[in-house]
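Can you keep this structure in mind? I'll have questions shortly.
Labels run A, B, C, D, E and F following the written order; every chain starts at residue 1.
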Amino acid sequence: MTFTIDVAFIIKAIIILLIFGITLLVAMYSTYGERKVAAFMQDRIGPNRAGPFGLLQPLADAVKMFFKEDFIPAQSSKWLFILGPCLSMLTALMTSAVIPFGDSIKYEAAPGKVWDVPVQAIDVNIGILYVFGVVSLGVYGIMVGGWASNNKFSLLGAIRAASQNISYEISMGLAIIAILMMTGSLSIRHIVEQQHGGNWNIFYQPLGFIIFITCAFAECNRTPFDLPECETELIGGYHTEYSSMKLGFYLFAEYINMFVSSAMISSLYFGGYNYPGMDWVQAQLIGSLGEIAGHNVATLIGFLVFFGKSLFFVFFYMWVRWTLPRFRYDQLMNLGWKGLIPLAIVNIVLTGGAILFLKPLVMSFLK
Amino acid sequence: MQLTNRSKQVSNKQMTFAERIYLPAIATGLGITIKHFFQKKVTIQYPEVKKNLGPVFRGRHVLKRDDQGRERCTACGLCAVACPAEAISMVAAERQKGEENLYREEKYAAVYEINMLRCIFCGLCEEACPKQAIYLRHDEFVPVFTERDQVIWGKDLLAENMNNRYLRKAWTKEEAREQDIKGIDAKPRTQL
Amino acid sequence: MNFSNLFANLTPSTSIFYALSFLTILCGLMVVLAKNPIHSVLYLIATFFCLSGHYILLNAQFLAAVNIIVYAGAIMVLFLFVIMFLNLKKEDEESKTNLVKIAAMIVGGTLFLIFVAVLRKAQLGTYNPYSFDSQIGMVESLGEILYSDYLLPFELVSILFLVAMVGAVMLGRREAGDRHF
Amino acid sequence: MFVNDLLGLPTEFITTTPLIHMLTNQSVAEEIVKKFGDDVFDFEEPFGMLTFTTTREQIIPLLEYLKSHPQFNINFLTDITAIHYPDALGQEFCVVYHTHSFINNFRIRIKVYLPDADVHIPTAVGLWASANWMERETFDLFGIIFDGHPNLKRILNMEEMDYHPMRKEYPLEDPTRQDKIDALFGR
Amino acid sequence: MTETSVAPQNNADLAKGDQVQYVNELTTLNLGPTHPATHGIFQNILTMDGEKIVAGEQTVGYIHRAFEKIAERRPFYQITTLTDRMNYCSSPINNFGWHMTVEKLLSIEVPKRAQYIRVILMELARIADHIICNGILGVDTGAFTGFLYVYEKREEIYEIYEEICGARLTTNMGRVGGMERDLNSTAINKINEFLKSFPPVLKEFERLFNRNRIFMDRTIGVGGISAERAMSYGFTGPNLRAAGVDYDVRVMSPYSSYEDFEFDIPVGQHGDTYDRFMVRNEEMWQSLRIIEQAMKNLPEGPYYADAPEFYLPPKQEVYRNMEALIYHFKIVMGEIDAPIGEVYHAVEGGNGELGFYLISDGGRTPYRLHFRRPCFIYYQAYPEMCVGSTISDAIVTMSSLNVIAGELDA
Amino acid sequence: MTTDVKIVEAPDGYQGSGFFATSFDKVVGLARSHSLWPLPFATSCCGIEFMSTMAARYDLARFGSERPSFSPRQADMLLVAGTIAKKMAPVLKQVYLQMAEPRWVIAIGACASSGGIFDTYSVLQGIDRVIPVDVYVPGCPPRPEQILEGILQVRELTHNESLRRRNSSEYQALLASYNIQ
């Protein structure tokens, strides 16, 4: 039996590698996507010289950054200066571990013995809390880097990032609590499974969704909440003093964060890999391809659906960025503390009320 | 303070409820940008596609020759005087016997230099020239330089190349106006 | 005691436990010893991480996550925030007066004595492997206990927090004429 | 679609005129002379603008008078600048004030001549905040010293500069330019 | 008060201005001279309490080019090239303003057609100027896209210029006595096309910003100045109108046939950034109206005055006619005697009253030429306008003032 | 300016460090030439034309250069567009010093290249008096096409530049002649 366990292990390892690989690749091409989306929205063409349609643009940027002079400002804390981007990158990558990218892959180890490997790096039963914990650490990368740069603008950027992230985490958490009340589980996989078919949370939690996505924008430091790095005010914000690949890490981490939060949005509110009519599709596939292959192909389709949803939200991030002006610091705080937190609490109360009173009513009506 | 009866108040700072909750305006904005996303792009792919620079673009200088290939310039110096950047310098010389096929007038510019980095392409030299000898080409730029010592162009670069002559529809603004009024689509030609 | 024997008999979780403990103590010491307050804060965060590792070893995942979210993710960010704002690095460390030193000695010494006294009397809790419920640290059981047996203390604590929050808001209220913040 | 349609405005022509109370140069000049007597002189009207000269002692009272005059209401300082006449002995510098009454749409130009040896003139910052930089610029370029100015230092040029470049005796050109042949056609 | 001044920590100091000085708890932040929001070059030294500005001081002169000194050494017709580069966002206005000044001195009556063409080009220039200012305000609040939408229309204005003079920015398109060239049919078509294609784009731009609460919050009540203070600070143009004073040189002292056109003077309420934005937007609409009227009523006739001693004769005449040749030489050499006199002429520039104070001693060059540059005069109010606000506000205020460095520093 | 450092050919032509260095050079050069991030040092009129170059019609982004890095650390090419007065010259030099190698400089327009019409006491007669310039773009202001030509020229230089050029003695001598380092 050791043999079969090993295969399952290998599948798992491949999935994990795949997930990280995909995350990195998506982040890499998000930079290209950002430039193209920006260009298209501005009636331009965007990068098209590096390779066909400019597809090698991210590679060119990466190679250039690697061979750029690595600059560490004098009188700054050297180790912290290096630690900053590393932390950013690390925390950004860690989040993708608990996101269920797909249903599961079945593997028949021996006749009658089927292994069922979920397409997820690790399914912890406190998945959401894990994401939350890691995201809340993400700000350290920015703070440490900004402080270590020993530059006024960087420090201002770092401080803005810190206060912004703390403030918006609260309403984000409150928005999620409403979801948790509905699902009764902290495991993201569990939450996704509950939205089977077209039974997505967005239909029950529209307000929660708006709060969550706003907070996600703020957590990723994207326009209209890009105060920590806004070019016209703080030059580059926390990464003003960074050059070469350390800057690359920061920029990269931002895009990973974007992708991960898009994946979170689609898992929590848009059913992850679920789509209407998935049972029918699966039944058809199993009917034509057999039990195991059919299931696996259905998983693949689910994965693609999930991927499509996530990419749409990545696109949405960019769409918003190239449309809206940004807030001012105090307005951002006002929105967070005076707007979103009360709204999120109202949302919790409403959800609670609905679960207590509306749900039995609807249930009895349905019966 | 009102000084005239033409003033018009344009700034309304009261927000309606719809404006207060951000979302409608955001949706409008998103609608506008996504519309542009699918619109035709206006970009000109420059090195491959070149835009028409207009009929009177002031580009690279050329010292005109007449149809026999003789230089028109008579080194009167008006262009140098008219140049606000003082970029033109010249040395005049008397035409010798046997040089009639080279120079049209009895005096000519033995040295005619323009500092291409000083030049501001204002067109005053072209306007000042009584002999219509200097022109700013409407179809070509001065190329970029990588060395400081390339920037002073002498007659070797300025004088018109007889094998590749500079063509123009109208050589004076009066001529251009006449063509325009009469609606003539003139052919580009070499000479005035 | 034979150390080599000790190492040979380590199970994976005990070795992780030892490594974590070592790291925890090291980071804890560095918090005190680091000259730069920013470094101190960073070490403190590392300490919290190690503690969370201990929680996970004890199968208390919820506690571990909450520890990171609340302490490392929020409170220490604020610490760091304040320290960065004050920019303590710039100022030379003030020399402490003897009085301060003596006071510190006394306080530290007393604390140390209390610890020793408590630990000497204390009995290390043991567990019965047969009746041990591995799910005791999980969210569900935690929630059940919190909202049934300990409901009153829980509500009281919430009220305390509410009071603290209102107080903070009152203290942080802007002065008349201040346009921002 | 044309603009008028977009704005929903009538396309027909409506003539509008500024609400102007007419002031004539003559009447204003008479009033000023009545008040300041011999301290204002050299009245002119080049291209319709009332121009006269005063002394540096009277310039601020004069401006104040014009500003607070209920009818003139000359409450806008358009410009302060200076002119250098190196050949006019004892009147080398001329400080020129352009003032404007929005309500009457009436402009006055006032000149004050200063000798080279004593280029002091009182500041107008107390009357108009805008005088601040105009006077600094005049100081920077001509070296006119405005007494009582809160912050009279160079504004356009570098602090280290040791001369006032707009004075006629100083050259325009950068002495380090190499790529120019001078002495060409009377430059 | 202990003041510990810290030496520049790294060589980033001067340019990005992160020189840190601690005066108790106040920090000094050095905005510029190369800060991205300064769009051109000037420096603001802001004293900050946290993110709040308590005091400010500007340093200007980073591109002082000595226009006035050059003008004393150049014949009248060459000064056009200087005015082009003063407010480079709307160079035709400067251009024609200068020519009108000289024409006033020389008492040349410019034909109606030339005046109308000038009006058209000046209003196009005003639109171009306001596009830059309002677009950049969008950029500085973080929305880049709207700027590019209107900027594309600016390119169309450039195309019109290209048709008339061959240059895009520094047009050099006027001459003393009229225009260098007449409007040709292509240019007229392009202008008509622009009149049709610009309004939808401007509408779109307005829809992106005008009623967007994020933008309104960022601009309303930011960098406000009362009408009284604005007048004291010498504000003119859109910035003064935003404070509620409907002063417009085009109406108060009409030049170049502006009295023939019907247009409104947009005014704001409190002189804050939103008012300035709205006033500029509305001015673009009014400019379009003016252009439309001018195009409709464009008279036929010559495009330059009958002043052979000041306006260059046609090239063909120079060959044939001795008199023309003499004039040609005399004009180019600058040997035409201008009358002695002094003249002040003001036009409504993109930023306000752009004045030319010309003193002629009868020589080939002006004896003294002073430019009343509106930017220079109103920019000194900037510290007063941004004290008490945050650094974000300061930046938005700065871009809404539309300070053009070329004009500021002369 | 483009002092290509000749690399000693490996005897066989395809082995040894020379071979790898050159093909490696090519790859890096190619990558660099496609990712030149500009630092617009725009002071006046040419800055507006640079805006046009960045805007929709001419779209500098096609060459991968649309991310204007206002922080000199992150920029690859310094676009000096507009008049540099003598008061500004030290600032320009500072910015150049802050840029990380490899760095390129384009002088856009007559003023930056040579002073243009502003032959006056206050204007620097060409920025090559304070920093080394790689490409001069004539015009006042140059059309966006010409600015693009300048950038294409820099791309050419970048593409063909040896990785070792920045360490070569010629380059050091060039910098030394400007009193840099």
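We adopt the following convention: contacts are C-beta pairs under 8 Å (C-beta built on N, C-alpha and C of every residue); 3 or more make two chains touch, one makes a residue touch a chain.
Please read all numbers here as calculations on a predicted model, not as lab measurements.
Of all chains in the assembly, those touching chain E and also chain F are A, B, D. Most remote from chain F, judged by the distance between CA-atom centroids, is C.
Comparing mean CA positions across the assembly, the chain most remote from chain A is D. By C-beta contact pairs, the most connected chain pair is B-E.
Mean C-alpha positions place chain C and chain E at a centre distance of 62 Å. With centres set at the average Cα position, the gap from chain B to chain C is 73 Å. Taking each chain's centre as the average of its CA atoms, chain A and chain B sit 52 Å apart.
Multi-chain contact residues, meaning those touching two or more other chains, occur in chain A at positions 38, 41-45, 231, 235, 240-241, 322-324, 329-330.
Shown for chain B are the residues in touch with two or more other chains, namely 1-4, 6, 26, 29, 32-33, 36, 41-43, 45, 53, 81, 84, 86, 115, 118, 120-122. Counting partner chains per residue, chain C has residues 180-181 touching two or more of them.
If you check the complex, the residues on chain F that touch chain E are 41-45, 47-49, 51-52, 55-57, 68, 70-73, 82-85, 87-88, 90-91, 94-95, 97-98, 117-118, 120-123, 140-141, 143.
Those residues of chain E that touch chain F in the shared complex are 11-16, 33-36, 39-41, 61-66, 69-70, 81-82, 85, 88-89, 132, 148, 151-152, 154-155, 158, 168-170, 405-406, 409.
Every residue of chain D that touches chain B in the complex is listed here, in rising order: 16-19, 102-103, 105, 179-181, 184-187.
Per the touch definition, chain B reaches chain E in the complex via residues 1-4, 6-11, 13, 15, 19-22, 25-26, 28-29, 32-33, 36, 42, 53-58, 78, 81-82, 84, 120-124, 127-128, 130, 132, 136, 138, 171-174, 176-177, 180, 183.
Of all residues in chain D, only 1-4, 6-7, 9, 13-16, 18, 46-47, 49, 51, 75-79, 81, 83-84, 96, 98, 102, 105, 107, 109, 128-130, 132-134, 137, 141, 154-158, 165-166, 168, 172, 186 touch chain E in the complex they form.
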